[in-house]
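What follows is a set of notes on a single structure, which appears directly below.
Naming follows writing order (A, B, C, D and E), and every chain is counted from residue 1.
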Amino acid sequence: MKVLYALYADPETAQRAVDALHAACSELNFDERQIVIISGEPHEGYDFADSHITRRPYGWAVFGAAIGAGCGYLLTTLTQRAYPIFTGGMPLSPMWTDGIIVYELTMLGAILTALITLLVGAKLPNFKGVIKDPEIWLGKILVGVADPLESSQQDVQECLLGAGAAEVKQFSGVSD
Amino acid sequence: MAHKWGLVVDLDRCTGCEACVVACHAENNVPTVGKDQAAIGRAMQWIRVERSWEGDFPNPKVRFQPVLCQQCDAAPCEAVCPTYASYHTEEGLNGQAYNRCIGTRFCANACPYTVRSFNFFNPSWQKPLNLQLNPDVSVRSVGIMEKCTFCVQRIKSAEIQAEAEKRDLKDGELTTACAQSCASKALVFGDLNDPNSEVSRLASSNRAAKLMGELGTKPNVTYLDRGAWQDAKNS
Amino acid sequence: MERRNFIKISALTGVAATLDACRAPDKQLIRFIPEENLIPGIAVWKPSICTLCSAGCGLQVRVMQGDAEVERHGERGLIKMGLAKRLEGSPQNPINAGKLCARGQAGLQVLYHPDRITKPIKRSGARGSGQFQAISWDDALKELTSHLTALQASRSANALAFLARPLRGQRRELIEKFLTAFGAPPAVWYEPFDEAVLRQANLLSFGHAALPTLDLARADYVISFGADFLGTWNSPVAQSIGYGAMRRGRPGRRGKFVQVESRMSQTGANADEWIACKPGTEGVLALGIAHVILSQKLAPQSIASPAASRAGSQIAGWSAGLPEFTPEAVEKQTGVSAAVMTRLAHEMTLSGAAAAIVGGAPLAQTNGLFSALAVNALESLVDANRDEGPILGFTPEPPLSNAGEPAAPAQASFARLNSFAQSVLSGKAGTPQMLMLYDANPIFSAPPATKIREAIARIPTIVSLGSFIDETSAQADLILPDNAPLESWLDSVPESGSFQSLIGLAPPAVSPLHETRPMPDVLLGVAQHLGGDLAKALPYATFDAMLKAALLPLRAQGGSVAAKTDDDFWQSVQTQGGWWSAPAAAGWKSAAAKPAAMPQGKQASHALTAPEFAGSATDFPFYFQPYLTPSFGDGSTAHLPWMQELPDALTTAMWSSWVEIHPKTGAMLGIQQGDLVEIASQAGSLRVPAVLSPGIAPDLLAMPVGQGHENFGRFASGHGANPLSILAPVVEPSTGSLAWAATRVKLARVGGPEQAKLVLFAGGMSGFPHDEKPR
Amino acid sequence: MQKTVEQIEQDLQRPTGRTQRAAERIEQDLLRPIFTTSGKYKVAVAVSGLLVLAGVAAFGYQLYTGIGVWGINSPVFWAFDITNFVFWIGISHAGTLISAILRLCNATWRRPVTRCAEAITVFSIVIGGLIPLCHIGRPWLGYWLIPYPNQRGIWPNFRSPLLWDFFAILTYLTGSTTFLYLPTIPDFAAIRDASTGFRKKICRILSLGWQGTPRQWQRLEIAMHIMAIAIVPVAVSVHTIVSWDFSMTLVPMWHSTIFGPYFVTGAIFSGIAALILAMALLRHFLHLEQYLTPLHFNNLGKLLLTMSLLWFYFTFCERLTTWYGNTPDEMAVFWQSIRLHFAPLFWTMVICNLIIPVPILSMKRFRTITGTAIASSTIIVGMWIERFLIIVPALDHKFLPFSWGVYRPTWVEDTLMASSFGMMALLYLLFSKAVPMISIWEMKVGLQPHGGGIITTAPAIAEPHGLVLEGPLPTDVPE
Amino acid sequence: MHPEHPVQPIAFTHTVHLAKRMQCTTCHVGVSQGPDAQIPNVTFCMGCHMVIDTNNPEIKKIAAYQARGEDIPWVRVYNYSPSAHVRFNHAPHIRAGVACSTCHGDMTKQTTAERKVNLNMGFCVECHKQKRVSVDCDTCHF
């Protein structure tokens, strides 16, 4: 995977670069998804940071919680009926004590689904094609285009430089 | 109708001779723990004779009270056991499955009567004392909680015998080791579901009371209070 | 690999599991061919007799098949044999009717005790060093017979002494016949607490020199002067059965029980009314009550009855109505108020069947006989001429000539031991050259003044026939170990406890575990070997032959065993565990009830003498009462772990001994619960933890007997202290028996609870009376 | 081999803008403890390692001989073991609760505090989870608590509070580990890029190939938001369930409704104290003076003050209702701790938890770093005693006076307790070597002028509140 | 734990004995009366083998044992680990008509006995449930 990119010091210039790339993507025939944006920290409130997507997928967590609750209920009731052993003059699976276990598994379900949705959503763990540049960790924002066509490489560089980058770099090959 | 084993302890007959304590040790392989362990409060007794003083010289009063597992119907020790070592059997006993016990000791803390003994070390019977061990009862190892089982091995063998002879268990045919050895007949064992058994008759006497019955544990051991001399008529 | 094992081994901490699994398996012992064919897992109940106290209760032994490590022709191996698993009372025995006391249950631990001597041993080190080496039975018997023949050869047959616990039955017959045939003096029958005073008193009052049998089940009122009849006195199991019936056995009737003692015993704890009186004045109190009955004519018919006149005549001033025992005078001496005495007198005479019994500490005073006679007089007043017979009676004599009962009145144990010891120490001609021991431990249980330890040390050869090494048998040169009671033929002639005359008989319940031989067979073997009139006197090869010969005449008596031929009789006597006369015939109206005829000649009536105590009241301010406990008795069962770990009824102490002190006395001397205190008398001193208890008179100290062994097996040695070791040799003059409650002591605190190391079962309850009312 | 400090400083040697200079400064300060191991660190690891080894040896001895080597007896079947269990589960509450609540209400000063707190939580819940397995009589059968299908057809008894404990700790452990791990993913990526050799390989895996695309940041933000919401009720439920181990029984002074909130308060109380202590130590040894500023200690001190008063409120409620109700069984236990055998311990507890901390924490002048540290250490001691005084006196004097008991600890129990502290220290030290104790990217977000998002939405002033970068950068090159 | 294939001192052949139409209870006498199915001792074996097949080397071994006064040290095949605290009782099972092969496998195909059937708790509980017998814990564990 070959990436042509440039480093911008602050979010505003990065935003301009991204807008420029968006504008130029049709005629330089590369797709919007090929635009690569990497930053060392989240930049809230900028378009390029997809922060406008307001959909907060709590749905998955609630769904996971429901699964957890189901598992809790099945676990506590079916197991007692499988081998009924009476204790303390209580019913086999009293509602109150089973409720505690159902509650715990509900929360466990929620937590695990939160974790899973993160990993799926952020397409982790993927070890291929990790773009590395030490400067990201110094507050710079990397904007670039992945695998531009030979023909449009030059135009992409101009576009990046036009937005205010000092230089255009190239990243190629598989990360170590 | 399933049996519901119960015991009546007549405090007016109990003389505090502790024959029941030794009979229980002999019948159920309860170990002796030696002087040092006994000194830190680890002597193991499934039935103990509690003694309490009242008043002072020259007329002190003493009260003996044998205390053993009350086989409660709503036993606080059963619900808290995580592995069903402590549970309620079909015959109204508070069962203790030694193999399931992992030694959390929660049951002993939950029991208001403190009648559960714990094997802090592997019990040892120096040869040939081990020849005395009763083969009908298992020998518990370190880390296991044990308690009075109403001599469940005697109950089981009597039931198997009765079933072999295709008849019902007669009242008095089956008794626990402590009730068998009690000279003054203070301990009477029997089936509470059988209305005309001796234990049912005694349990309905007007002297009957439960040890700490107000805790709601519904014990199956009934204590007959010790009447004063004058009211001999309403025994 | 089964999944469960895989989980277990790979479980969180495999360390324990692996250590467990790789423990070296028992080295593979060879297996012997079983000698009995029992069905494994099925229990067989065999009759036997309990020998751990003199009550002679009948046992049934649960025998099941099990693997035992035994030695057969020199090789150790496993064998499937019948093993005793549990002892229960034998249901048909009239004494204990299926019941058994705490000590009786522990008979099993005597059989399987790890410290039992397993084969004959010969002393290899210095005497008392405890070094023995095993020898074969043949060498042991050869050595024993060589010693005996040497004595016979040197015309000093009277140099053989035999020291044993007072036995009853054919074993006593065997020893007496052996000694007379050998030409040796009669055996020294010794036990520390032998109730000789009570037998003498009963002989005078009722004409029977025996301990009384109490029919408590019919009693409505029992007053007991010091007798611990529910714990250690006389026949505890029979009396407990009676007590249970007295309390709640008869709907609508509940007997009252009054205890008079200065230290609350386990029996006293069950009393409706507990009366403390000064030690030694119990007899005076009884006469005070008798005075009220006589003066107010509360029981007119019985006053005139022959029994009352016989028992009463023993007391000076009886016919004059006991003028010097007015309640006020008695109150000054005993500390019990006159009002209580009059009330007791009225209650006793109005409440149906009443009885007065005496035993224990009151008789262990210099005026013990007087106290016994006084209580017997009161007993005859309230218990005489009732149509269904008195509460206090005597077991009828067994209809056998040689039943093995001691000739009445037997000399007191202490007197016999003392004279034996003095004769040995005096070194005159004819002093014993050889001593044979059987089940007696005087070095532990005799007061130091007898100097029995030095006396025994002086005897050249000592042979023990017991099965344990205790303080006395440790001095032996040769030990021929006896079988355990459950492994031998047993017979018993109980002195009291049942209203039918009774002879217990039981075959061995289990076959011998070690290379031991029963003591009677050893003596019979030696007798045959020595020949002469010994062989003629004891013409039996084994002890059961002797038993059979002795008991066959009973077939004619009918009783509990009906059999046509001798063999049938012999079989059914064994299966029943003994012979007893039919209940109806033996009933109350027989000779037991009527007092024996008045002996001719003027009976010397006894006047009150004040009790004397060893040690002046100023140097030794406290009375001292050693008391018996159900678990140890005179210390002979202290080696059983169940007994050591059985909490004492009143103090809940275990594995240790203690002294009971009244809290006020303790406070005065700065003694808290569990402190280490020193008790000193004229004869010695000992250190022991203190237990503050409300059930004891402030001027009295009480200590349990049984602990303080220095050499009695792994469970008994080194625990507690022995109160008998500080007793002064005060004796009751008429019988010569030891007045073990007549020693005064002084008390001082010497340490805290850490040094004392008192072990209480009710650990947390340091003080008493705690304010919570029991549930 | 790890890069030395000098090498890093070479790599970072580039002219940067002012915020870059601050970000660079953060990068350096927070990565320094990872790459440099000072002598003191080695000594600390050695000591705590020794303690842990002693604990393992003591446990091996207990396993081989039997649990009788402890001082527990009848009726005191629980003592040091469950005291330590409740103590460590209590300590674990502060971490997640504080960082979750502070995250939810966007307190800007929380940034340097969150990871220290979450680390305490995870390690103390690990130790707390280990203790029940070591205190049972037959530890090799501990796996029976897990509801796994087996040929016997027997499942655990779900009505037992110990099973609730198992599930609660399971959930809380998963929750708090995730809550700790998620924000460290970007930091692992930073370390991955800044390190070589073995550490690089580890961090490559641990960072799960994190790049930093806006989509990833946004997903991380959402996950953290859900976690923060979910972890708070779980934390509260864990210690309530631990309190139900006691209040479900009939034991006098255990069977009371106040135990749930009382234990949760005590947990947060001891948790914050532990957090303050940990932060004070980190600040001193890892030279994070500029990140963990007196402001943090001031805020946490105020929180500690409120918790101290709340704790006293609950203790007072419980004791008053017992005394006023005056039932004989309860009073037997009550007098044990107020006046009799356990009185000295009880009053030391009150002094440690109330009389020393409240004056220190209520006056701003004393609420300095050392002040809060002193208060926290006494509170930690006080709270351990409080758990001990809940368990032992109640078991000692339970119902029937005949079977009252006396408890004395043995050396095995003391060693196990000391080794639990040793294990906490060891885990914390190793963690501080593996991961930056303060989250780097969160600090950088703090630098952003207007910062956005749940993690960033606070109106951050240019200088993150409290972070004043005085003095020259160590790598400053004269312009 | 129990070896999968226990090696016995005498290669006893159940096959041969069962072929001779002997019943299990001929040797295992105690099975219908008590908890243990008794293993007979050497005198019981020699009762027949005094005359039958005396020159078989295995029978000579038995005679040697008897001569030395020793019993045959059979290696135990069926037993529960002590930590299982199981009190198995043969008699009620035999009275209830449970065939020996149900638990011990088809002995006609086995020389020395081996644990062909996996006698774990599931096996027993399943059978008890089918036969409507109590599966209460204290039926087997006490």
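The definition used in the following text is that a residue touches a chain if its C-beta (ideal position, glycine included) is under 8 Å from a C-beta of that chain, and two chains touch if they have at least 3 such contacts.
Since this is a predicted model, take the numbers as computed values, not measurements.
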item: Mutual neighbours - chains that touch chain B and chain D alike; value: A, C, E
item: Comparison of A-D and A-B (more C-beta pairs in contact); value: A-D
item: Chain at the geometric heart of the assembly (C-alpha centres); value: B
item: Furthest chain, CA centroid comparison against chain B; value: A
item: Most distant chain from chain E by Cα centroid; value: A
item: Whole-Å gap separating chain A and chain C, where each centre is the average of the chain's CA atoms; value: 90
item: Intercentroid distance (Cα basis), chain E paired with chain D, Å; value: 59
item: Chain B-chain E separation of Cα centroids, rounded to whole Å; value: 36
item: Inter-centroid spacing, chain E versus chain C (mean Cα positions, whole Å); value: 49
item: Per-residue overlap in chain A, given as positions that touch at least 2 other chains; value: 83, 85, 87-88, 90
item: Junction residues of chain B, two or more chains touched; value: 40-41, 48, 50-52, 76, 79-81, 84, 87, 100, 212
item: Chain E, residues touching no fewer than two other chains; value: 89, 120, 125, 137
item: Residue ranges of chain E in contact with chain C within the complex; value: 1, 29-30, 33-36, 38, 41-43, 66, 69-73, 89, 118, 120
item: Chain D - residues contacting chain A, complex; value: 11-12, 14, 16-17, 19-20, 23-24, 27, 147, 153-155, 157-159, 163-164, 167-168, 170-171, 174-175, 178, 182, 185-186, 190, 193-194, 204-205, 208-223, 225-227, 230-231, 233-234, 237, 241, 440-441, 444-445, 447-448, 450-453, 455-457
item: Chain B contact footprint on chain C (complex, rising order); value: 41, 64, 66, 68-69, 83-89, 96, 98-106, 108-109, 111-114, 230-231, 236-237, 240-241, 243-245, 247-248, 251-254, 256, 264, 266-267, 269-270, 272-274, 276, 513, 630, 641-642, 644-647, 649-650, 652, 654-656, 662-663, 693-698, 714, 719, 757, 759, 761-764, 768-770, 773-775
item: Chain E contact footprint on chain D (complex, rising order); value: 151-153
item: Of all residues in chain C, those that touch chain D in their complex; value: 3-4, 7-8, 11-17, 19, 652, 762-765, 770, 772, 774-775
